[in-house]
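Per-chain numbering from 1; labels A, B and C assigned in written order.
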Amino acid sequence: MTSSKLSSFQFFSLLFLTRLLTIFTYIPAYTKDILLSDMVLMGALQCVTDILLLLPVYFLFRKSENKSVTEIIAERSPAAAKAAAVIYCAVFLYFTLTTVSRLDLFAGTIVFSETNVNYTLIFAVLSCGYGAYLGIEALGRGAVLMLVLAAATVIFVLATLTDDIDTLNFTPLFYNGAAPFLKTLVKSASRSVELAVIAAAAGEVKDGKTKGCLIWIITSAAAAALIFFFEAGVMGEFTSTQLFPFHSLAAIADFSMFRRLDSIITVVWLLCAFFKTALLFYCAARLLSLHFKRISFNAALAAFSAVSAAGCFYVTGSINRFVILDSSTVKTISIFLCALLIPVTALILQRRKKYA
Amino acid sequence: MPKSIITAILALAVLLSIGGNEIYKNDIGNRLIIQGIGIDLEEDNSYTVTVQAINTNAQSASTNETVEDTVKIYKVSGMTVQTAIKRIFEYEGHIPMYSQNRIIVIGKKIAETGIYSVIDFFARDADNGPSVYVAMAKDTAAEILEVTSGGEIVAKNIDLALQASEYEAEIYKPELYEVIREYYSEDSCFALPVLYVNEESGDKKSIRVKETALFCDGKYNSSLTRSETAALNFLCDDVYNGTFAFKTSEGEKVSMNIVESETERKVKLVNGALRFSIKISVTVDVAEIYDGKEKEVDLKRLEELKNGAQDYLKNQAGELTGKLYSENVCDVPGYSRLIYQKYPSFYRENKENLSAVMSESSYSIEVSVKIRRVGHENLEVL
Amino acid sequence: MKNRWFTKKVEEITVEDSQKTAESVKISGDLQKDRAYLKQSLGDSFDVKYRSLNVSGREFLFVMLDGMCDNLLITEQIMLPVSKGDFSSFDGDGALSHAADRVSGSIDKSVTRDMETAIAEMLSGNLLMLAEGGGFAVLFGVQYFAKRTPDEPNTESQERGSREGFVESFKDNVAMVRRRVRSPVLKIKTLEVGATSKTRVCVMYMSDRADMKMVDEAVNSIKNAQLDVVLGSGYLQPFLNRNKYSIFSCNATTERPDVFCAKLGEGKIGIIVDGTPDALVVPHLFIESFHSLDDYLKRAYYAAFARVLKIMSFVLSVFLPGFYVAVCTFHQEMIPEAMVFSITSQESKTPLPIVAEALLIHFIYEIVREAGLRIPKSVGNAISIVGALVIGEAAVMAGIVAAPMLIVVGLTAVSSFVVASLYEPVAILRFVFIIVGGIAGLYGIVFGFAAVLVNLASLSSMGVPYTSPLSPTKPGAWRDMIGRESWRQMGRRRMQIDKLKK
């Protein structure tokens, strides 16, 4: 593993790709309390929830720029830092399982409906493990290159659909009331493992974190709002019947003799999944190797990959297990723990150290 | 290092061996490329599925000449659509491939009893794609898909004909996702083109679109003629190009090419009553004026032609609006969504008797025609 | 993890290279003793010639390698003047100096007191002169051996630009570079690599723009290279490239002196190895694989077009076969309607699965290509005909291979030669992606691509990230990345490679 700092642009490109995957894999069944136009607004307002959830991390890094949350905790209490590292790793493992199982659901339902997807799982785990092994800087550089491809592809697909937007497809805002909207907004914020990644890995970013983070938050929210806008405007209520509406949207798009553009979206989808999974692998392995001296990075990575693969093999192939795993309650608790509770604890410890 | 290479090669060989069968069965050479699917309901409530697939043996490998019919027709039955289609495997040993399917034809019997029993399979199967066209057969879907015209793939011809509705305002072409979307609206109203078998010279047959079927609550309701279909497209703001012909007040026959069209749909709630205003703006080129007397087109004549076109389109739209929003409301244009969007509380209160509300509402239609060109004929005003 | 079994097996059949430097042996001045030492070191090789000359009572010994020296020059410019000299009033050292002075000033002269150095220089084609009583040896540069005239390199043809290419003699190569960069900033460090071959290596750089840390790193890497015999620049590449497990090389090779000079002008370090026309340049960026000298000699808009073409060719040559296999096996919905009938009807008639067909046909292509490289020119045409017949028409007519697959192979083959410098990784990656595409479809190809991309992104050449200036993003360097600015802008400020360091 090459351990070196990466630039803010590289880090937030990585996070943008992981957020793009979250938008792509949005399953309407989890937000059935709100209607289509509310979904668009929810995408846009994600920036507010992100900012609020990242405030503790912001105050923390103002004092200690080049350290992650667990490293700051370790200055006061190594045991607490180890516990925090284990919690982060557990959260990353959980999100890895949900990401890969969602990817498996996507592959099995749409891409390889006739084939055994176990080979795809093997490829996924092996390649993501290799990506993590090469280090976060390599991932960041690769993400910068892929950012252009991903943005261009999404914009191209959406551009071909501009004629298909029908204003009659939109729904009135807050038709079911504001309470379900707020509840769903909070639930959707909990799908953002990026907040936990920022807390755990921002210490590896050289400089310009705040500006980079703001740009990332705004562009992610804009991307979410735009994609949901097109889903609602083109497909209308058809959106809520689909497992992955963005894929269906791409299947409706056409350009010249190409009747379906879902294949190019599939490529971007898979690339985003690669970067997200590799990033989670890396963050977990790094935390373990940092706080448990006996465990080397490579050993931690191998162990984490093996456990993720075993978990994925167990979960995939059964829709029941997937639904149980993909619980929004667990996600909400995880993210609030990693993005709020632990950073606030670190902040308190940091203040105590200052006044001690 | 060499040991790891040997291990990797062995692992790959084992993987290939295990997966070999999976890989081979999916090969494109082993797939049955389906071009059209037709579904009919039988007396015993089972489904007969007629599938038109490409005959990959049609071309000789050595000479590239056509040696057999380009399509193969399979007719299979089953309790559900999916069980019926899978029986094709018994004929061919090839796995059906739906991704190249161009058209789903629903038989009249299914249309009358409700189409969603059959649509669910296509909505659920990702291979099919949400943009495949859906149509209704005049009688049975089998009759439509069994038409073979030598080397032509009829399903492809139907698909091309429906695609051509971009240039022909008198054809309504919904894609699968639009049909499903309308199903999930409150009143499940939508329209499907109706396919006929047309007998031509000799033994040749072709498929034509002559009508549009209206569906309410997912069931077949009534039909529209081609000119009514054009009016429907105007009301739905689905006109890109097309032609229409009318007679002026002086009895001249005029035909005009539609260059572009836009329909603005608004609703206002005034004293508890709904007022829908539909404004259709059309840009046209004058294509033909059949008249034995005058040939020149001056400004006055232009005005007459414009007024004639406006009156014609307004009448057409007005008549159709009357037909759609009379006692048995069939809200295919989706105007109830205007109420839903603008007056959600009113909509919520009147959701149960929305049909009655809409049939009692007023609909004002305005048409504005702009003549862009008049062709090669002399323009006296110049 | 060290593989002990394999290491033991290697040790059974190999011998450790002796990296011990020979003990320093001084020239004794006793000609008999020195001659005996020389005979002992050099053995009875027929090409080592000894000539004794007694001039005015002073005994001289000349040693040379027959076939490496200019005999006429030795006779007329060295032996004749020396034989006419008067050395009676000189001692041994003085006699040697006086003899050297008598030799024409146009001949390179050097002196050494170390016997091993003298032997090494003699073996490089210098004439060795010893004198009785003289404590040092004089070496005269009289090399003359059969060598190639500078020709246009086959592997780097350009439409415009010079037709000269490097040759095997490093001195001639250095001269070609000097002719193009007539500035004192061009510096050369000469090293010897190879315990036995003692191959001379020149490390060249421009002192006003090259990063001295990079230069030192390059020099040290070469010096520390544990090699016995160095016969080409390829032997040194792994030592200059820290990235052991990547299929991409972070060094550039070139046979063109103009390209070599252009790269030196960017602050890079050039390495010329005696005995090979391939020069190395470090550091090297991935995007530079798509650059050629023609880009700088033609208009900027055409240069951009040519580079985009090369990038597309590279992508095509790597991904097209695997993509075709993946699409035909798993993602048939991607095939446009107009093509699906013809592809299906042809593929349904072949006996092999598409992935096997692709592997077979690409393997045959590689066989034909390798044969074409090695085959004598006189029968080269026959191979082309056999290749076209076997792989082409006969295979399709027999129904072994489908015509679309042949189109894919043909396009891939042609595309792979557009960027010849990347042929090695392309050839391997192509097979990898065919297998991956056949097993896991687009899914496998995308994950494989992502792994290769991240691998590329992790490489660095002398501290400069390999994917620069794309990532890490250095917008200033984009002026000569895919498109390039016109020389009016580019000429104002020059690019320096060490600015792209992390």
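Following the convention adopted for this analysis, contacts are C-beta pairs under 8 Å (C-beta built on N, C-alpha and C of every residue); 3 or more make two chains touch, one makes a residue touch a chain.
Given the structure is predicted, the values throughout are model-derived calculations rather than measurements.
The chain pair with the larger count of C-beta pairs in contact, out of B-C and A-C, is A-C.
Look at the CA centroids: the one farthest from the centroid of chain C belongs to B. Centres computed as Cα averages put chain A at a distance of 39 Å from chain B.
Chain B and chain C, compared by their mean Cα positions, are separated by 64 Å. If you average the Cα atoms of chain A and of chain C, the two centres end up 45 Å apart.
Of all residues in chain B, those touching 2 or more other chains are 15, 19, 26, 99, 127, 129, listed in ascending order.
Contact with two or more other chains is made by residues 330, 333, 337, 439 of chain C. Along chain A, residues 115, 119, 259-260 each make contact with two or more other chains. Interface of chain A with chain C (complex): residues 2, 4, 7, 9-10, 107, 111-112, 115, 119-120, 123-124, 127-128, 130-131, 134-135, 137-142, 144-146, 257-260, 262-263, 266-267, 270-271, 274-275, 278. By the touch criterion stated above, chain A contacts chain B in their complex at residues 109-110, 113-116, 119, 122, 166, 168-172, 175, 235-238, 240-241, 247-248, 251-252, 254, 259-260.
Partner chain A is touched in their complex by these residues of chain C: 330-331, 333-334, 336-338, 436, 439-444, 446-451, 453-458, 465, 467, 470-473, 502. Touching chain A in their complex are the following residues of chain B: 15, 19, 22, 25-26, 95, 99, 123, 125-127, 129-131, 175, 177-178, 180-181, 184-185, 237, 265, 334, 337-338, 340-342, 344, 348. Partner chain B is touched in their complex by these residues of chain C: 3, 5-6, 328-330, 332-333, 335, 337, 340-350, 353-355, 397, 399, 435, 438-439.
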